[in-house]
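Scroll down for the structure; my scribbles are underneath it.
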Amino acid sequence: MGQNIDLSGMMIDNPLIPASGAFGYGMDYQDFFDVNEVGTFCTKGTTLHPHKGNPLPRIAEYSGGMLNCVGLENPGVETVVREYFPKLRNTYHKKVIANVCGFSVDDYIKTAEIFDREECVGLIELNISCPNVHAGGAAFGKDPSIASEILTEVKKVCRKPVYVKCTPQCPDLVLMCKTLEASGADGLVLLNTWLGMRLDIRTGKPILSNITGGVSGPGIFPLSLYKIYEVYKNVNIPIIGCGGISNGRDVIEMMSAGASAIEIGTELLTDPMALPRIKKELSELMDTYNITELSEIIGRAHK
Amino acid sequence: MGQNIDLSGMMIDNPLIPASGAFGYGMDYQDFFDVNEVGTFCTKGTTLHPHKGNPLPRIAEYSGGMLNCVGLENPGVETVVREYFPKLRNTYHKKVIANVCGFSVDDYIKTAEIFDREECVGLIELNISCPNVHAGGAAFGKDPSIASEILTEVKKVCRKPVYVKCTPQCPDLVLMCKTLEASGADGLVLLNTWLGMRLDIRTGKPILSNITGGVSGPGIFPLSLYKIYEVYKNVNIPIIGCGGISNGRDVIEMMSAGASAIEIGTELLTDPMALPRIKKELSELMDTYNITELSEIIGRAHK
Amino acid sequence: MTPHVLKHIISFKKLKVGFKTVRDTAKAMIFSREKWILAFLEYQKPCDETFAVRCKGIFFEIYEVIPLKNRQLEIICNNEIAPDVFCLTLGGILFNEEIHPGQFVNIHVPGKSLRRPISVSRIYGDRIDLIYKIVGEGTEILRNIKSGYLDVLLPCGNGFDLSAFQNEILIIGGGMGVAPLFALTSEAIKQCKKVTVIFGFRSPKDAILEEALMNLGVDYHFCFDSEGVNVVTMREQLGMSHMPFAACGPLPMLRALCSMKDADTVHERQNLINDDIYGQLSLEARMGCGFGACMGCSIETKQGMKRICKEGPVFNSKEILWDKI
Amino acid sequence: MTPHVLKHIISFKKLKVGFKTVRDTAKAMIFSREKWILAFLEYQKPCDETFAVRCKGIFFEIYEVIPLKNRQLEIICNNEIAPDVFCLTLGGILFNEEIHPGQFVNIHVPGKSLRRPISVSRIYGDRIDLIYKIVGEGTEILRNIKSGYLDVLLPCGNGFDLSAFQNEILIIGGGMGVAPLFALTSEAIKQCKKVTVIFGFRSPKDAILEEALMNLGVDYHFCFDSEGVNVVTMREQLGMSHMPFAACGPLPMLRALCSMKDADTVHERQNLINDDIYGQLSLEARMGCGFGACMGCSIETKQGMKRICKEGPVFNSKEILWDKI
């Protein structure tokens, strides 16, 4: 039974990828499972310079998962490659996906360039979809022309495949994705969080410091699935599906809709043992439904 | 403790309104509770001529609620006013909100005109947001110019307040709502269902006959809340909040975000006793948080 | 009716027939279960399954008891009776004649948004048996719940209409479709009808209810796909192809049952619906509510749109538009 | 360690120190709990809290036991000890010295998406006590769970550092902040420190842990807002305003504790942080994960960004940037 997946040349031995922001830099799950069980993982969104993110509270809850407005807190790309990656290699032996974010086109270029040189980076994920920062982030992800400018420039300095992580807030996601494909994207990551909010029941005021936050978790699964299904019809590059995946069945659905691999965020935060569990569920489901090569189900919903 | 709410002159004694499509024509909950407990209720989306809707399966599930592609099955406005309303009056003594849908501008006008003449109709809800029909419905709800054309024409033939029920699929909802306000909308109903899908895990094919369906239930609550918060900042007409409300706390949040009243759909279908339960919860919360007049919390998130 | 019973009743409709001491009560009172129980415990007034009497000041009020359709039923047992098939016995307040064969209950499965519709397959006193197959996530959760209470809507749907049959009835079930038919068989026998039962299963190990049918002393025939006999061929063998029947099972089976008997394959039969055969067919659909509110289960029939959960799940074979389902 | 214990251990890190019979095992083996238990039951090899020995063919392998941070703990009791305050005793496999005062557990509350962080307030053998206040939906659900198991992450966070105190320690708690401080008080006494405890509550009826402190024989002082005395004024009264302390409670209280003692009001104190006073402060935040993965709980400190769930919840008062929290 094969679970190998080819992401534009980066081979992973299973399609389960912890999503950016839910796995830090790979060192927080060691008390729970062997982190080498992942297919690969996405680093926390990383910027050129250290970034402090938003004030607390950054977290709220809803019955389908959570909201966050972390706002890209990270130590900056230099610290990541200089301090974190060497430490990571003690326990983790696969490649990583570097999630790159910026506040200007130049930020993206420089950050991606640094990551691209790193041995352990297999793929660059351009995050133009963070809803929790006021400049950059999702602002870039709503406008196909800015998005393709960033991509084009980043592609010039990177030898590794570059995927773009899009936002569901984009008014015309299909157009965005087609534009990105035309501009040379090696693949797409769909999707970042959905914009939402919660209010404090006593005061009636927003709970999150940033007023709004990114909604994630099982509550958004059918929305993500639909977007991936729609985009798959319109592009020919690989899609990594993301949004609300919490079990093996969701993985099968997401891949059937068109995802070559999948990212998992919230479910890992609420159940730190979720990754090995989902991996086991996936194997069992492949047995049950006679799926011998997982890659064969990619996009079968459209056939 | 007051729960009275004024919807453009239609007074309701509490803000809890069963949403269109979850309460039929008011006659299916009599085995569960006294239907007069509702503030008012929205009829099933009604068209000029009888409409058969989509083939089965029309229903799918996700962990935050459900998906449907009923597709506006209804017996047509004539049958509703001639047969259903007289029957309804045996058990229900308040006014109703008539949810009007159509496949052309003319359909909307004629249907609304018929409802407007009915004694028991207190308000017209123009549904330009059904995602499950191929003409009309949400197609109208994405384009502010068509939407305002329908509204303007309908306003000409109606003496009762006309609210417009919008779709979250609208690429620029704030613009849409401002346009509707400018075109004379008495109020807004935000929102109809979110587009989504589920796949059959065995075959990988869409579960719903219409491929996609409208996503509803608690899973979408923070998304709806945010949209209502955003629109409230930009309009001065009443908003009826809708999307994922399942308990008294949600009602308080939705009203704090800017809703004058709220509609409940999915929660009634899965728990037919939900309405009296939520009403009780709401009264208890008003006690706990010293809210004497519920209408006073409308929009307090913005203050 | 004990005070205990009152917990399971929400509404007491005031009797329409006159009664000296009856007088108007506030609506709120009628719908407030708690107050009723209180009043009842306080005054210990008589109350049975049909009428409830309540003391209000110096008046007595008499109400018609309308059982609440939403009840908490206790799990008595929940055991595997065939591979991946479970029998769930629920107990609690059930009213006489409340549930008819062919009706179903709609169960809230903890952790799932939508309820699961399951037919009632045996009705005895204050208990019912449900027989269900593990097919997905909800039934997978259900199989592991061995005690406690379930939140159930009941009874749902119309059920079979035995009065439409003369003295004889042929009862045909396929797969899990046999579940409601056991209740129907019991009831038909109680009404002294001559009953023939044909149940089809994939293979002998999937067969259920044989002992129960035996105990009823009914004339029954089991057939198995694995042995090349299905319910349609069995019906032909028994020479009963034109007999009025009640059936439940997969759609292709129901279709075939309503087709010309001389068509060779199930496939051919699909286009050869024979309107001379009278059957009552129980249909299935994914449901949003199960009580008629959402239109999630409607099909087009010769008499217009009908909801499987309310006007159905049992339909007259002659009203079915076969190309619409 | 009994076989039972093994269920609660996920990983056995191969010992780095040499041992004749140690040899490499497949990674899969190390992380497969089930196989370990099987192997253990089969060979009945010795195993204690620190080392596990396993027989593989003709070899013995020796591993360091790393307790799994995610455990199912049994609810021993869960009772109201003050208005809306509950004490939840959990039992199960707890390893020696595993939990330090000031650390917390992160509890999956059935039906809720995010876990709830609660400090450990007593550690005794294979049991821990958690004391929690009903403030919202999660704690409301928790209060009603009286038996069964809870899915818990433990231990989380850093805990207090008693070694940073000389022979004397002042322990100050406000409201529910007293919970982790009881564990700290016990531990400090065990380490033969001279301990003074000041606990503040809204009113006498909200007071908890008095009997427990009495049993410890510690010098303690309770004060009540309702009587116009708070922990800061109490500290002044006792003349201990410059003593090193450990504290947990609402942010304004912590801020006031770190302020010039001669400021008149809490409000004034906010701008008068006094860096001469050494304190260890336990902070709170809404948490996404509770184990460092999400950055949902980070605050800016003088030493850069720190996660309350991992580098905290206990911080040195001198590293706090008061205008950032």
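Just so it is clear, A, B, C and D label the chains in written order, and each chain counts residues from 1 on its own.
Quick note on the criterion: a contact is a pair of C-beta atoms (placed from the backbone, for glycine too) under 8 Å apart; a residue touches a chain by one contact, two chains touch by 3 or more.
Every value quoted in this text rests on a predicted model; they were computed, and no experiment measured them.
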{"item": "Topological distance between chain A and chain C, in contact steps", "value": "2"}
{"item": "Most distant chain from chain B by Cα centroid", "value": "D"}
{"item": "Computed distance of Cα centres, chain B from chain A, in Å", "value": "34"}
{"item": "Centre distance in Å when chain A and chain D are each reduced to the mean of their C-alpha atoms", "value": "33"}
{"item": "Distance from the mean Cα position of chain D to that of chain C, given in whole angstrom", "value": "54"}
{"item": "Centre-of-Cα separation between chain D and chain B, whole angstrom", "value": "47"}
{"item": "Junction residues of chain D, two or more chains touched", "value": "none"}
{"item": "In chain A, residues with contacts to at least two other chains", "value": "60, 62-64, 249"}
{"item": "Category of the chain touch graph - line, ring, star, complete, other", "value": "line"}
{"item": "All touching chain pairs, where touch follows the definition stated at the start", "value": "A-B, A-D, B-C"}
{"item": "Residues of chain A touching chain B in the complex", "value": "60, 62-64, 67, 171-172, 194-199, 201-202, 204-206, 212-213, 215, 218-223, 225-226, 229, 246, 249, 252-253, 256-257, 285, 289, 297, 300-301"}
{"item": "Of chain D, residues touching chain A in the complex", "value": "10-11, 27, 30-31, 66, 68-70, 108, 112-115, 153, 285-289, 291-300, 305, 310, 324-325"}
{"item": "Complex interface listing, chain B residues touching chain C", "value": "21-24, 28-29, 31-34, 36-37, 44, 52-53, 55-66, 68, 70, 73-75, 207, 217, 266, 268-273, 276"}
